[in-house]
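Below you'll find a set of structures to go through.
Below are two complexes that have subunit A in common, paired first with subunit B and then with subunit C.
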Partner chain A sequence: MRRLDPWLQLAAPVLLVVATAIVGSFTARATEIYFLTAITSVAIVVAIYVFVGNSGVLSFGQISFVAVGAFAAGVMTVPLDSKQGVLPDLFPLLRDHTIGDVSSLALAAVVGAVFAFLVGIPLMRLSGLAAGIATFAVLEITHNLLREWTKIGPGATTLALVPETTDLTRAAIGTVVVIAAAFAYQRSRFGRSLRATREDAAAAQAVGIDVHRQRLWAFTLSGALAGLAGGLYVHMLGSITADQVYLELTFVTLAMLVIGGITSLWGAVVGALAVSGLDSFLSEAEQGVGVGAATIDLPQGARLVTLGTLMALVLVLRPSGLTGGREFRLPRPPRRRVAAADGASKEAAREPV
Partner chain B sequence: MSGNPLLGALDAQTLVDAVGLGAVYALMAVGIGLVFGVLRLVNFAYGQLIMAGAYTLAFTSQAGWPTWAGIAMCFVVVIVLSGVMDRLVFRPLRTQSPAVMLVTTFAIAFLLQSVALLVDVRDDTIGEPAASVASLNQAITVWGLEVRKVTIVAVVVAAVALSLLALLLTRTRIGLQMRAAATDFATARLLGVRANTVIATAVLLSAVIAAAVSVLLTVQNPLVAPDFALKETIIVLVGVVVGGIDRLWTATLGGFAIGFATGVINGALPTDKTVFLPSVVFALVILVLLIRPSGLFARGGTSLVERV
Partner chain C sequence: MPVPDASSDQGRWPGESLRATAVSRSYEGVQALREVTVEVHRHEVVGLIGPNGAGKSTLVNLMSGFDRPTSGAIELDGHDVTRWPAHRRGRKGLARTFQHSRSFRGLSVRENVEVAAIGVGARPRDARRRATELLELLGLAARADAPAASLPHGDERRLGVARALATEPHYVLMDEPAAGLPEAEVPDFAAVVRAVRDDHEAGVLLIDHNMALIMDVCDRIQVLDQGRMLAAGTPAEIRDNLDVAAAYLGESAVEEETEA
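Showing the complex of A and B:
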């Protein structure tokens, strides 16, 4: 039983994603998009988790890697015959070449990783909180360049005509790859070292762990996975603007991670799916949705109010999130459960009232 | 400095505008730094306090209130909102890690912004004009330079507020207690410093500054929208880190520096390149952090053990 635990920690999130995809495939075309969005959100949130969850350093900049991934994959897959017409200002290299959509996902991951590595070198030298705030600089630069520089993208207009190749199957495969990479990382020597620095940076340094280097590896891996998630995202939407991968997405994905539980892979997946579900319902409600006899018709903006309230409530009342920041495990047999409950009550007693 | 070709090419006009911008950012940096000092909490929702003040100015102006009453109301709203935020959010979170506190204020920021959107779109337009304070935006000519009145007001307000704050922190009992709390809260409490009083004072001072900033920013940008002051808050937060978040004065200098640099770079960039202003400014930030990771104005090198 014990020996199975690590594999359950991988299998549970994977199964949850696959189940979501299967349920989604039985629904109508109009609701399928919600399942697709939910699965892609899992990929983005797990990518953020790889850095934020393992290092304990908050980052507001991971969405910039989603953004570069999305735009790299998007720009490189716009069909060649229409590209010269809609994106005339691109660098010739970008303008005159087009790649397949699977290779565009790989490209998105590589671009995300390289970008994350380069900005990680200065940022990871900062101490925790300062590093988190400084990542805003990355988000701002990325957004500004994607929005204004027409040599690398569509500028302030919408990047359209991207092939919509992310269906439920491909979204699920991509997301499972992201989850597996995150799992492999957190069980590796690097992942364990980084988690040690999260718990006690001084002690980790004392046993010879280079905090900055470990954070840089995680930042780079997180950038690669975020880039891949961005590639899935743009191929799901078919069109994208720089504003779609900016502050609101940062907020929503961070909310997902925090609500699920920041320190576990399971928390990232559960949070992403739970909040996506709620989010889909609220978006429907903003259009007006019938529940039984009553019709719920929320005003515009109510979605973010609800999400913000929920996130603040979870943080104030249960800062470790829905999963308590723990990995998935089966309920223990009775005898063990007593011990577990005992441990839980001890922990509850330690918590400030 | 005059030997620098970049600065030499700039006219005095740009420098005046840059100082005005720097003054506003320095005020915001003080507001954020004061609360950080006692609570170790980076208040991301600081911009939304300013936004709430700006909406108060806009709505009172539309309701035909006299300007002084609108400004007074702005102070009342910001101070009350800040007090509520402290009681409902900051206090339960005091024992949490700085990261949790930062995400929470991030959530509060988005919450307040969405609430503002709900209130704002009732008339089917986004953005409310605040006409009553706009007269301060007129320019007057001083020694051949076009100086907007609000620039002078901003510099004066910043200078007065910072001087008063310096006096308060160095010459009064509560100021001493606040400095003690900022250095080591646990020990300060052992020595009889009342935590709630110190924190309430810091939050109050920070709110007064936020209200002043919301008047200054509304004068410069009279169309108030839900994302009012959001950009400024992000820039100031980054500036505070660049200056050195551990001490109030380095944080304030960081705020001023990033405002001043933004103004100067804006003047130095060719007109068709000014859209890239944020990239240039933030690239400079990353460069500074690469050279001085513990802050531009911080003492010594990097600390071996990080605080958070």
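Showing the complex of A and C:
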């Protein structure tokens, strides 16, 4: 039974994502976008989790890597014949080439990884509040580069004409890849070393763990997965602005991670899906939605107010999140009681010795 | 510096020792250590005693790489490691325990030991085997799957030693390992310290206020007071040294009262 546990910890989140995709495929076209968004959110939140959850260091900057991934994949897949018209200022290398949408996802991951690695070299020396503020600075810098620099993207205008290739199948496949990578990482020697630094950085150093290096690996992997998620995101939307991968997305995805439980992969997945569901309902309700006979019509902004309140409530009432920050496990109260009694009797047997 | 009773061993590890040479450390004008020299060889237990504030923990932090000396040098098996970060010294055979155990509380007891082996480069399979052996040795096998946070105080101290040994160290610095340990468990802990010396052939620098433990297990003892090395010798010599009694034993009696 215990040997099965690790595989269940991978299978449960994967099945949840696949189930979401299957349910989504039976709904109307108008609501399909909510399922797509939910699955893509899982990819983004799991990418954030790889760094924040395993290291215990807060980062407000991971959406930067989603952003560069989204713009890299988007810019490189706009069809050549329209590209020179809509993006005339691009570097010639970017302007005169186009790649396939699957390759663009790989490119997004590579760009995200390289960017995270370079940024991480100085930043991973920080922890706590300093790390939070510095990563926030990265978000701000990235946002302004994307919004102002027309040699690498559309600048302040919308990047349009991106092929809409992220359907439910591809979103699910991409997100399962992200989950599998996160799972493999957290079971690797790197993941285990980083989790030790999360528990006690000084004690981890004393047993030979290079805290800076382990954080940098996780930050880079997180950047790669966030970049991939950004690629999925831009191919889902078909068009994107720098504002769509900035503050609000940072807030919403962090809320998802906090609400699900920061320290587990299961928490990241559950939080992303649960909050996505709620988020979709609330944004419908801001437009007015019929529930039975009644019509719910929430004022503008109600969505983010509700999410913020919920995040604050979770932090106060259940800081380890909905999942308690633990990985998925089958409920088995009878076995646990037996095990506990067994342990107690062993204790009793040891006592007289 | 005299090295009583250990001379026969030194031939087995020529040139190998952990040595702090004339190290000083001052914090914003306050001199915590002045020109202190300590040397620990493989297969011996060196006690370091002195009243609170004498600079014992400062010395351990300097030797293990968590702090840098203002002057002086630290050598580890012939390498000058004064500027090495802590994790690099850990990989080179220097382990330490902490005053408040500092276990990885969210991990299981077994994971605590495994990750220490992994930290110095062991493969996961070997780490697992090493953890099994060490938990057995230290009497923690029955609690291997419990979260480290659930351990009683005495077990947590032994987990700290298991974690240090998982790095297969040549030297182990123990910072007040018996603090808060019930008196009845002290003899067991003395056996653990001896096992580190005899079975693992490691050199131990043992800091503690428990004089019974110190006198029991140490091959030699150094006394630190107000940042200076006050005396050094065998347990018998130290016991006879009246200056030391004034500087330390009187104080420790007071401390034991306040701790109790």
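Throughout what follows, the second predicted complex is superposed on the first by the 334 of 353 C-alpha atoms of A that agree within 3 Å, B and C clash if a C-alpha of one lies under 4 Å from a C-alpha of the other, contacts with A are read in each partner's own complex, and residues count from 1 in each chain.
Note that contacts are C-beta pairs under 8 Å (C-beta built on N, C-alpha and C of every residue); 3 or more make two chains touch, one makes a residue touch a chain.
Worth saying up front: this structure is predicted, and the values here are computed from it rather than measured.
J.: Here subunit A is shared; do subunit B and subunit C fit on it together or clash?
T.: On the shared subunit A, the partners fit.
J.: Scan A:79 for contacts with subunit B and subunit C and give back first, second, both or neither.
T.: A:79: touches no partner chain.
J.: Output check: A:202 vs subunit B and subunit C. Expected answer is one of first, second, both, neither. What do you get?
T.: both
J.: A:100 in the overlay: touching subunit B, subunit C, both, or neither? Say first, second, both or neither.
T.: After superposing on A, A:100 lies clear of both subunit B and subunit C.
J.: Looking at A:134, would you say it contacts subunit B, subunit C, both, or neither? Reply first, second, both or neither.
T.: first
J.: If we overlay the two complexes on their shared chain A, which of subunit B and subunit C does A:119 touch? Say first, second, both or neither.
T.: The first partner, subunit B, only.
J.: On subunit A, which partner's contacts cover more residues, subunit B's or subunit C's?
T.: Looking at subunit B versus subunit C, the one contacting more residues of subunit A is B.
J.: Under the stated touch criterion, which partner chain does A:263 make contact with: subunit B (first), subunit C (second), both, or neither?
T.: A:263 sits against subunit C, while subunit B stays out of touch.
J.: For the superposed arrangement, tell me the lowest C-alpha distance between subunit B and subunit C in Å.
T.: Between subunit B and subunit C, the minimum C-alpha distance equals 5 Å.
J.: Once the two structures are fitted together, what part of subunit A is touched by subunit B and by subunit C alike?
T.: 202, 205
J.: Give every residue of subunit C touching subunit A within the complex, in rising order.
T.: Those residues of subunit C that touch subunit A are 64-66, 85-88, 90-91, 95-96, 98, 102-107, 111, 114-116, 118-121, 124, 142, 163-164, 166-167.
J.: So in the complex, the part of subunit B that touches subunit A is made up of which residues?
T.: 42, 88-89, 92-93, 95-100, 102-104, 106-108, 110-115, 117-118, 121, 230, 234, 237-238, 240-242, 245, 275-279, 282-283, 285-287, 289-290, 293-295, 302-308
J.: Which residues, counting only subunit A, touch subunit B once they are in their complex?
T.: It comes out as residues 56-58, 60, 119, 121-123, 125-130, 132-134, 136-138, 140-141, 143-145, 148-149, 201-202, 205, 247, 251, 254-255, 258, 299-305, 307-309, 311-312, 315-316, 319, 352.
J.: Flag every residue of subunit A that touches subunit C in the complex, lowest number first.
T.: 189, 192-193, 195-196, 198-200, 202-211, 263, 343, 346-347, 350
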